[in-house]
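Please see the structure below; I have some questions.
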Amino acid sequence: MDSFDANAVAPARETDPEPEPARDAAEERLRAVLEAIVYVTDEPLTPAQIAAALGEPQDRIERLLRSLVEEYDKPHHGLAVRLIAGGYKMTTKPEHHEAVRAFVKNLKPPLKLSMAALETLALIAYKQPITAPEIMAIRGVQGAGVLKTLLDRKLITTAGRKNVVGRPILYKTTKEFLVQFGLKDLSELPTLKEFEELRRMALEDDGPSSAQPETGSAPGEAPP
Amino acid sequence: MSSPLNVQLEHYEGPLDLLLDLIRKQEIDIYDIPIARITAQYLEYMQRAAELDIELGAEFVYMAATLIHIKSRMLLPRDPALAELEPEEDPRRELVERLLEHERFKHAAEMLYQKRILEEAVWSNPQIHQFLDDEEEPGLAVTLFDLVKVLEQVLERARRRPVYEVADEDVSVPEMMARLKELLEHTPAGETLSVRELFERQKSRRAVVAMFLAILEMAKLQAIRLVQKDLFGDIAIQRHRRFAEVLACPEALAAIEEGYR
Amino acid sequence: MDSFDANAVAPARETDPEPEPARDAAEERLRAVLEAIVYVTDEPLTPAQIAAALGEPQDRIERLLRSLVEEYDKPHHGLAVRLIAGGYKMTTKPEHHEAVRAFVKNLKPPLKLSMAALETLALIAYKQPITAPEIMAIRGVQGAGVLKTLLDRKLITTAGRKNVVGRPILYKTTKEFLVQFGLKDLSELPTLKEFEELRRMALEDDGPSSAQPETGSAPGEAPP
């Protein structure tokens, strides 16, 4: 019974050619503790934090956490262990939201952000640290007003001042930003280069000539 | 002239949004924008907005000027000799770069929006409170922005509070009564002053005693009411409905003044 | 991969003589939903409550909940699904409580301050060097304990005495304060004027339209 489970649950060990039963029991226990820890904590915990607090080597912790992620990733689990903001955190899976919602006591307040706020946030995420005038210049709108909303929601914070005339305040995104958007880290945002390539590819595919049928108002048609 | 604007006047956040929309809707190669056509369409949009009394920001006007400038530069014949020495940059290049960058952030914003939808469908139920000691006071995680926000609030609060602190700590009961009266006059109807806070604001023992006696005298005069919501709770001072009437009576005040002489 | 998971994970099915793949997928999904529900609720839920909410037969729910209990009972799990007072609830396993408690204790808490402490710190940061009576005068309340908290946390320190009657102690912020707030020096503190500027811009921007996400800019469309 036990050995069956041990094989079943830890895909990480599948790559391990020789399973050592003695080590396995200790591993199993440590993984159980990690599961309990990830379940208990509210802030995503980094492997370094966990390793330090448990007095275990970080690579061991990381390996076990990864195997937890894989285990919960399987469809028979309704929970997930997720890597968010550089740390691990347990949540329900989004696909079960309809059933789960009915049982949630305190509904979290929705994070309502305007598209302008999201654009500014994206801009800061990519270009940080960045000043308000720089944001305005790129967005082409006189609208740094959303900055206060983003600051109030702790999605961005100040990051010193830029050494130019007027010494404007620099802004950067926070850990809360990663948490709220479920991002592992900033590198998870598609790079600007990737966007560029996608755009180019789209252009090449469509070609300059092939007008797409779904765009209703073909440019050739006469105006009213 | 073909127009992609023939259905209705859409709302655009800024001129870059409008330009991008014109370009993408007509499937124009962004690296080779027909500047004359786009400029005409852009101006048409502005024209229609004006007709419909829709106010466009200054940035729309600025962009119009930029477009016209680019158009004129493209119309100007180049000096072949100069072109050989210093090949002129495409006048559209800077605009194209800005447009592309703008578009990237629009996509990134959409991606964030998607991510957020996913996060809203997800719940966490951390049980850390079961492992924390009870005495740990609930606090708030703090950013630099909080610091300046809080400072503003504190200063604002201080500004609204009538100034009654005195450097001279030798304050008499009638003087303290006058200050209390002034304070209460500045307190909105229905609101209360905290007795504890009043005491805490006094800088000397004498002032605390004077405040204490002043409160008692005013209660005796039925100028104020003392309210205590819970047993051992803070005592609050409220204006009595006869507040103005009583304190307008000079004889009563004079009698008290005499009593403390 | 899927078949491997499906066989590995559901011990309830081991007793089942004839596994039906079609039913299994639905069972798996329902059990995942139950796992998420049992995780998300704080009060033990009875099978009847869950069955009613999900519109499923109660015996099916009961069977799946029992299989969840069995699954989490295995030693590689640090969590347990327990039957308490006629209802089901997810908890950590008692044998790991010591480890979890020790872990939580070892976690370095983030910089958390009470409102009183925050107000005092803000005043010291912006008005330093400043005395306790001056802080009290501005805040309008006495907060002697707060200074001690800030001193203990090494966010402030003493800076001599003020040459007035009573020679009260002056306070200023420390290097630790700069570190905690990510500042190079005090000149990087945002000024009140800048803050007001932000607020003013926010008022202008958040005028009629941008408070709500705009439906026009089609956020529903998938990014490329």
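Which chain is which? They are A, B and C, in the order written, and residues in each are numbered from 1.
The working rule: a contact is a pair of C-beta atoms (placed from the backbone, for glycine too) under 8 Å apart; a residue touches a chain by one contact, two chains touch by 3 or more.
Here the structure is a predicted model, which means the values were calculated and not measured.
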Checklist outcome for this item: Relative to chain B, largest Cα-centroid distance belongs to chain A
Checklist entry - Which pair wins on C-beta contacts, A-B or B-C? => result A-B
Checklist entry - Approximately how many whole Å separate the CA-defined centres of chain A and chain C? => result 16
Checklist entry - For chain A and chain B, what's the span in angstrom between their mean Cα positions? => result 29
Checklist outcome for this item: Between the Cα centroids of chain B and chain C the separation in whole angstrom comes to 26
Item to check | Junction residues of chain A - those touching two or more other chains | outcome: 39-41, 90, 92-93, 100, 104, 113, 115-116, 118, 143, 151, 157-158, 190, 195, 199
Item to check | Shared-contact residues (touching 2 or more other chains) in chain B | outcome: 13, 106-111, 113, 123, 127-128, 131, 141, 143-145
Next on the checklist: Using the touch definition from the top, list the residues of chain B that touch chain C in their complex.
Outcome noted: 10-11, 13, 17, 106-111, 113-114, 123, 125, 127-128, 131-132, 137, 139-155, 157-158, 161, 165, 197, 200-201, 203
Checklist entry - Which residues of chain C touch chain B in their complex? => result 36, 39-42, 91-92, 97, 100-101, 104, 110-115, 117-119, 121-123, 125-126, 133, 136-142, 181-183, 189-192, 194-196, 209, 213-214, 216-217, 219, 221-224
Checklist entry - What does chain B use to touch chain A in their complex? => result 1-4, 6-7, 13-16, 25-27, 29-30, 57-59, 63, 98, 100-113, 115-116, 118-124, 126-128, 130-131, 141, 143-145
Checklist outcome for this item: Residue positions on chain A within touch of chain C in the complex are 2, 5-10, 28-29, 31-37, 39-41, 43, 45, 49-50, 52-54, 74-79, 90, 92-93, 96, 99-100, 102-105, 112-118, 143-149, 151, 157-161, 167, 169, 190, 195, 198-199, 202
